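Just passing along the structure, written as structure tokens.
Chains: A, B, C and D, in written order; residue numbering restarts at 1 for each.
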Amino acid sequence: MNLNFASDNTGPAHPKVMEAVLRANDHAAMPYGNDPVTEAAVAAVRAAFEAPEAEVAFVATGTAANALALSCLVRPFESVFCSRVAHIEEDECGAPEFYMGGAKLTLVDETDGKIDAGDFAAKLTAAMDRGVHGAQPAALSLTQITERGATYSLDEIATLTGIARDAGLATHLDGARFANACAALGCSPAEMTWKAGIDAVSFGGTKNGCLGVEAVVMFDASHRRELALRRKRAGHLWSKQRYLSAQMLAYVQDGRWLEMARSANAASARLAKGLRAMPGARILHEAAGNLIFAELPRAAHARAFAAGASYYLFPGDTPLDGDPETPVRCRLVCDWSKSSAEVDALIASWAG
Amino acid sequence: MNLNFASDNTGPAHPKVMEAVLRANDHAAMPYGNDPVTEAAVAAVRAAFEAPEAEVAFVATGTAANALALSCLVRPFESVFCSRVAHIEEDECGAPEFYMGGAKLTLVDETDGKIDAGDFAAKLTAAMDRGVHGAQPAALSLTQITERGATYSLDEIATLTGIARDAGLATHLDGARFANACAALGCSPAEMTWKAGIDAVSFGGTKNGCLGVEAVVMFDASHRRELALRRKRAGHLWSKQRYLSAQMLAYVQDGRWLEMARSANAASARLAKGLRAMPGARILHEAAGNLIFAELPRAAHARAFAAGASYYLFPGDTPLDGDPETPVRCRLVCDWSKSSAEVDALIASWAG
Amino acid sequence: MNLNFASDNTGPAHPKVMEAVLRANDHAAMPYGNDPVTEAAVAAVRAAFEAPEAEVAFVATGTAANALALSCLVRPFESVFCSRVAHIEEDECGAPEFYMGGAKLTLVDETDGKIDAGDFAAKLTAAMDRGVHGAQPAALSLTQITERGATYSLDEIATLTGIARDAGLATHLDGARFANACAALGCSPAEMTWKAGIDAVSFGGTKNGCLGVEAVVMFDASHRRELALRRKRAGHLWSKQRYLSAQMLAYVQDGRWLEMARSANAASARLAKGLRAMPGARILHEAAGNLIFAELPRAAHARAFAAGASYYLFPGDTPLDGDPETPVRCRLVCDWSKSSAEVDALIASWAG
Amino acid sequence: MNLNFASDNTGPAHPKVMEAVLRANDHAAMPYGNDPVTEAAVAAVRAAFEAPEAEVAFVATGTAANALALSCLVRPFESVFCSRVAHIEEDECGAPEFYMGGAKLTLVDETDGKIDAGDFAAKLTAAMDRGVHGAQPAALSLTQITERGATYSLDEIATLTGIARDAGLATHLDGARFANACAALGCSPAEMTWKAGIDAVSFGGTKNGCLGVEAVVMFDASHRRELALRRKRAGHLWSKQRYLSAQMLAYVQDGRWLEMARSANAASARLAKGLRAMPGARILHEAAGNLIFAELPRAAHARAFAAGASYYLFPGDTPLDGDPETPVRCRLVCDWSKSSAEVDALIASWAG
């Protein structure tokens, strides 16, 4: 039984996605995206976003998608506002700064990973007031669902993008777990993005049943050429792009992306329910998607690891020795493939 | 019948490579390369190069491999010497400059894509003579087989790397078609690289039967940490790296990489033979690998295209109208999957 | 009477500095620093720092000095720790990121502009814990005197550089007001730098009686070549460098730099004394150098401006209308040229 | 007697320029260009160029001026066309690439440093034909007078900028010796720039009687904000900018810049005349400005150096031993201060 809850990138790709990759292999195709599978996949993403004019570009990683999107929106002497715990700040080893040619990230206070509107407005005003001496505010980047597992409501997104737009900033959504957010909110991709004031999206597939594919979606087609050139220059244009596109096509077709996200969210909800019923356990952040941050007694973790479970403890929270009752924090992630039995087995392993 | 000779990236991946990807999908695995498939693939590449200490990193594109390797060898105020027609100069949209933080490429005269040793030495001496005013020579990059289809002999490589090393330069080999060169020369990977003075290799899999995988191989392990960080920062570290690694493992195992290259070279030799026998046709560059540059009468091209063939004509050589006898240049590439029947069909289509 | 207290860059250069520039003009000299004035100025700076092996490079601005020094210490995938209000963060429009090729600044909490050692250590530990996903800690940058006018004691510097060195970080001192700090602490340049664990200094002249000259001083001579090349590449190597060097030579000779700083600090102390005696006025930060942050009733500012005074109010603190008694914050800076009469006239102008 | 003909940056600044710097020192002034001297200098440059809307920014070096101007015209995935011997290619240690964020220089064949229109058109067409694989042509940069001392005619400039504009490229003029070209051609600054299709100029003062000042002049004011921010980010915004501006004001006022250039050109013409009359001497490039490339017998050089002369020989042409009659190449530069007596003395020294 698979007790790996470390990340939504530890599980397998969906069989239909694998099939699509295999099917893309049974014929010759022109390279660099000049092939029918790519054309179909781009059309499918545009349709999913109700955005027939949007620019859509596929890359293999979320870091590349985020950095490419931002590099089209921000010049080197400008800055991007994001939360203190944003993936682009903490987990991309400076990729955004690299792609943007040295532009800055300006960090904003957050709760559950969600940007505080007041702090954003205050930092924005201060930055506007520095003349040529400060980096110029140019973009806002949100993560949905956040790095702490929370979900912005559509109103919350609109409020933040409204502040940004009033000051002339572009807006980006890091959607590594876009599908999980759509499933949690019960809204459409359009509602969560351009209808809520978002200009560019990193639409993730990798964590939700693909091998490795993300779509950069820019609703303003004026960046078309720039995006294509920046992708090439970054080494992210595949010669055999059909293998990327096939994944994305299978992912978007027939609502598979949403179905997988619902499955992951349901597994996570089952896990959360189990945690709430567990003595000594506590959920640390609101959890509507597939990401749970929780606290359990050290002994519970030890029992689970002994039973073969795998997930991350917080750096600094030592698991192996010390008082068995001390709460130790962890992150638990369910992907599309997690079964009820697996979730129940993890819960059982904590109880011992 | 597949008459696509446009590139070695138009054909399918090898069935064994696809199988390996499928197999990597049947279990959970830790992300970012902390998985057994990656470990095995790294070991296989080291073994193939007889370089147990080498640093090996997988990425999905050749442009990424080249740019990453060079960025570890060259600082922003330095320069790389390469041929005028090098892929890193003409076909990567500035990726090397991007990754190296603005370092320069210094172009050297070539024949059949092979760097002229005299011009290299002369340009190197001139560059050494500019004090702080010129970019500082730091590396030499060769392509094997070259962008014109030619192959450096081991002695030629050693001569060029000798000049480089005497001046303190590091050396890089763009091996997008590394396998075809090894097959053509009948030498080992070690003989063609570190034994001939090469420090870093882009070892290509994509053009030779993989979906999309290249290995950066650095024989000097002192760049280990830097390479890992630069790959991450460029968005080229895959979370589900097992799907990259599985390709590379299947590619290197059982000498499959060499077997496929031999097959591609044989198809190309058959094609060359056909061309030599054809009235009005002429081969433009020495052709030991799987790449042929040739000249055919305009009418021959027209007949082939009418028969469904696909390949590139030279920019500027207009194919569709004008004198039917005028020679028009083209590039013809065979990949591992090209059969004798397909080659013969292309030849037949020219004759009409 | 000069009532401009806006900055230490509004006043004149010292007559001896101007004389030196004139003197450098009376003969031909070889360019790019290959002249005797540059040689003498470099020697003078080395002597002042008791560092005969130090690398010394002159540039015209403090931003260039800081960015160049950091670019020799930090690679693009690394980060620099500095205070939230550091000049390199707030007032250089991203110059450090530009010169460092996109490396990050990691912001640390501060009091009076001085970095909090506990927060530094905590952020450093967290950053060390991210594997390849986070930018790698590489340097610590302190400002002395700080952007809020405070002065680190020698022990405080040593404590912070000790934490940095234990983690393998290099250390930089932004000494735009280095002289004012030395004068305030009564210590030698060596004591405030390499004896306290500092690797590289931006030694400022511009704010303290020069036209525009700063010295980058690196105690580890291994950066010699890199610094020279980076300066050239940034457009900061002057062809007629004698005009930069002449300023620095006159500045350092005969302890003039220290004498000017003492004069500025004394004027500032006289001003602080006046403020303390003033009803409704309050000094906001400790003030040992030549920088005062204070709060005065709105009406006092209005009277001073009417009398021709010039200085900065805080952004957001509206000066011109509203309640005359509301405290409004301001920054007051004395340079070497401020006379007691001028200081007294400013104080008198507030009183009205 | 000053026999230094090594460069036009070895001589003194003009007394009127020095006076202006002194005068800027006798009063307080607001920093960062918010001072009346800067305002007047900007107005003077605009008037000289008959371009009341032009954006004008002062920096201290020609390398900074060139790199800043280009960085406003060219994005990181684009390229600049320039001659093989352009200063931006050979003598700026990669500054343009640094400022442009890694964009490329594409080198064009030249005669006497002047770009060959046919080669430019051919290379441009080839570059346009590479889709996303090649860096995108974005600008043309000319040097006037060229690095070999030649002068483009107004028609030649218009022809080249015409080719550029037809392809959508912006145009830049490196005018380190702009004044010498205007004097040689007897044309106005407007005629040599925007009337001939130039978008941006580096208008040099340093080599022609200033301490160190160049103006970036952009005729399209849409780059205003970007130029200001890029200058700041590069560390080239002076806090005490009045000292830069005062030089430029004195330089442009009363046609002093042109008067000095005429003087330098006249000295150079006298020198050329002397060379033509000399047995064994030969002028290598057309010489209408203040730069001469010539060939003299080794023994003549030896005599001149023995007499105290100073100038550069070509790298590789060894001066000190070997056959006394062998021709050895040199570069001879006259600045505004060169007297007839000094020129005659140099000529006499060769004759011995």
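Heads up, the rule we're going with is that a contact is a pair of C-beta atoms (placed from the backbone, for glycine too) under 8 Å apart; a residue touches a chain by one contact, two chains touch by 3 or more.
A quick note: this is a predicted structure, and the numbers were derived from the prediction, not measured.
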- Message: Could you classify the chain A-chain B contact as same or different, where same means more than half of all interface residue numbers appear on both copies?
- Response: same
- Task: Would you mind telling me which chain pair, A-C or B-C, is linked by more contacting C-beta pairs?
- Result: A-C
- Per the centroid of Cα atoms for each chain, what is the distance between chain A and chain C, given in Å? 42
- Note on the structure: chain A to chain B, mean C-alpha position gap in Å, rounds to 34
- For chain B and chain C, what's the span in angstrom between their mean Cα positions? 51
- chain B touches at least 2 other chains through residues 76-77, 92-94, 98, 101-102, 132-133, 136, 229, 232-233, 237
- Could you pull out which chain C residues touch chain D in their complex? 2, 4, 6-7, 9-13, 18, 21-22, 25-31, 59-65, 67-68, 92-95, 98-99, 206-207, 211-212, 229, 232-240, 243-244, 310
- Write out the stretch or stretches of chain A touching chain C in their complex. 76-77, 79, 90-94, 97-98, 100-105, 107, 125-126, 129-130, 132-136, 315-316
- Item | Touching residues (chain side chain A, partner chain D) in the complex | 32, 75-77, 101-102, 132-133, 136, 226, 228-233, 237
